[in-house]
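Have a look at the structure below, then the notes.
All chains are identified by letter, namely A, B, C and D, in their written order; residue positions are counted from 1 within each chain.
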Amino acid sequence: MPKNRLEAFADGIFAFAATLLILNLAVDQHNALAPQLLAIWPSYAAYVISFITIGIIWANHHTFMHQIAHVDRFFLVSSVLFLMFIAFIPFPTRLLALDVETADAQAAALLYGITLFAVSILFNVLWRYAASRNRLLKQDADPRVVEGISRSYLLGPTLYGVATLVALLNPQLSAGLYGAIAAVYIGESSIFGRRPGNQGG
Amino acid sequence: MPKNRLEAFADGIFAFAATLLILNLAVDQHNALAPQLLAIWPSYAAYVISFITIGIIWANHHTFMHQIAHVDRFFLVSSVLFLMFIAFIPFPTRLLALDVETADAQAAALLYGITLFAVSILFNVLWRYAASRNRLLKQDADPRVVEGISRSYLLGPTLYGVATLVALLNPQLSAGLYGAIAAVYIGESSIFGRRPGNQGG
Amino acid sequence: MPKNRLEAFADGIFAFAATLLILNLAVDQHNALAPQLLAIWPSYAAYVISFITIGIIWANHHTFMHQIAHVDRFFLVSSVLFLMFIAFIPFPTRLLALDVETADAQAAALLYGITLFAVSILFNVLWRYAASRNRLLKQDADPRVVEGISRSYLLGPTLYGVATLVALLNPQLSAGLYGAIAAVYIGESSIFGRRPGNQGG
Amino acid sequence: MPKNRLEAFADGIFAFAATLLILNLAVDQHNALAPQLLAIWPSYAAYVISFITIGIIWANHHTFMHQIAHVDRFFLVSSVLFLMFIAFIPFPTRLLALDVETADAQAAALLYGITLFAVSILFNVLWRYAASRNRLLKQDADPRVVEGISRSYLLGPTLYGVATLVALLNPQLSAGLYGAIAAVYIGESSIFGRRPGNQGG
């Protein structure tokens, strides 16, 4: 089974989930606009963090699928579950933006963290299923690259697991960590991306 | 007429219909968030069931189109009707989530079932039109695989027909059956997907 | 300039415009569901007519682009204008569905008709620009097929022009004509699609 | 790393952001439709301007990516940031449409201008990163074409920078300039597009 339609379906879900985030931004027509545009800064921050997070997961999925030769039914079905959590991201993003300064911040930060934790776990399941005994990889996949990817993907569940647990103590700090994780990935990509010979990493 | 643009259009509709499901999740800003996040469990369940159902239909469409060599106008137009019911799924999903515990559960469960029944009937129409006398199949399509697909596709209308009729007696049981059908397909894919030599089924 | 990204962009707009139609369906949570599901029949009818209309235009665009070898800037920009009216369709569809039985039916039917009339005019502009002196066509484009397409595309502006004018006298009849046009195209495709040697028409 | 999935993701965001603009059009069911359809002319104008603007950026992205041979991580991540501002466009479009005649016009025109200014800056970053020392360009990229693109892309930040500053003095004039910029690009494309030997420009 070729992999191109899975990529088209996944690219569609990634693109729509990211674009739907804009529907979370809203102002009230009955009040002055300028102060509202400043007051909804958590909505901008949440938009930026979730868009970048989805974008980074998409870019990693891009790199990942580049190593894959073909897909089977188990991989397809697991991909659907993975994409189900990607498409879920706009919901906790809206809640976190609206409630980060209220008593509801903890519930929102927990739901956000659990969603991203599930995404990162399923990302690892997909990769480890594909890479285990080179089940779905290209014949010429470099074992060192494969092992490097396997190691780097453990970072996701760790970071999102910690940030989610922090929400139990301090939801605002947890929200800051979600932003920091996105910033780290952006920064790391920018640094490594410029290094010659690392275009696939 | 090549089939690649039909696949692109279909992948767009599948991905978009699945992603739009998230718009069905909503909470009230005037009440505490945590209890609401627990109280809307039918919305999560409906999201999961409909997303997985759309994902499985997409995966089957993927397998199906893999056997097709080219398409004609009748197939294109029938595909549009098929996709019209796919894109309809978010509406009964929202109704079933909101009303599963109310007196409106029966109407919602019936509409949900009728929609999925129509999807499965049109899926069979598309396949049988394409497979009859190998009209649109690849030259090297294996007759046993084709016959196996033809037989397995009869299951969809049967299961959704029964679950829809159950809604007349017990809408909650009917909703449970919609979830069970999705679970069976997920389970079966996982089991068969791991079996060597069955990557196309 | 290759044509494949224009096709991807167009397929995206067609697919999203069609899928967004589902957001036009809504019921009121404060009233019983079953009678509402029957009362909103104009919304179902509008959904079906607009989805099929978009689907048929997509299928014709598919056939049309199949004759095109490459695109230029004028064709790209005209395609954007054409797609702008495709993406507009959900708005008059909602108005026509909500108002077909009220005093607002005429305004809604006029806006619907003007939108589809503009779509059909721009479709002709695109085709005639591409086909005139074989500007953008494939080298091996059959002149008889090209002329046949040129003639058949005149039907769209004629039918939608008449149906729009009818809205001035009787908006309900006009709405019926929009449905009849979709039905005629579906029927014609089904009939011609089965005729051997006409798979590209 | 091949570029085709970036194109698919970008085409999805472009197409989806453009199609979502239609959700900005709304009327009130409790008042007569015809006068409302005339009164919301700023919403039509904003829809047209933003759709065409997104379409032109997409067409330029199309031309641009045609010169690119491959992408690296930095380019991918910068593309995500670029697309984040594309997907943001529907929000200031709605505000500008609703508020162009009110005291909130200035805030709306500023947010619209800042968004488009950021888009044009990131477009230049992407291009200059790719073109600098032919980092990501095709081997056979014509230096004169590359230099011509580099020069023409400076126009975007200049025009949107000026139009944004004008919003500080006269928001309505600023809104007119956003429309004029779209019209100039449309017109220029139409003129140059017809000139032989300029199909890629």
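Just a few scattered comments:
In this text, a residue touches a chain if its C-beta (ideal position, glycine included) is under 8 Å from a C-beta of that chain, and two chains touch if they have at least 3 such contacts.
Not measured: the values here are computed from a predicted model.
Judged by shared residue numbers over all numbers used at their interface, chain B and chain C contact each other through mostly different positions, with under half in common.
When the CA atoms of chain A are superposed on those of chain D, the rotation angle is 90 degrees to the nearest 5. Separation between the centroids of chain B and chain C, computed from CA atoms only, is 26 Å.
In this assembly, the C-alpha centroid of chain B lies 36 Å from the C-alpha centroid of chain D. Shared interface positions of chain B, i.e. residues touching 2 or more other chains, are given as 8, 12, 16, 20, 23.
By the touch criterion given at the top, residues 1-2, 5-6, 8-9, 12-13, 16-17, 20, 23, 70, 72-77, 80-81, 83-84, 87-88, 90-91, 95, 98-99, 103-104, 106-108, 111 of chain D touch chain A in their complex.
Chain A meets chain D in the complex at residues 7-8, 11-12, 14-16, 18-19, 21-23, 25, 27, 29, 32-34, 37, 47-48, 51-52, 55-56, 58-59, 62-63, 65-66, 186, 189-190, 192-194, 198-201.
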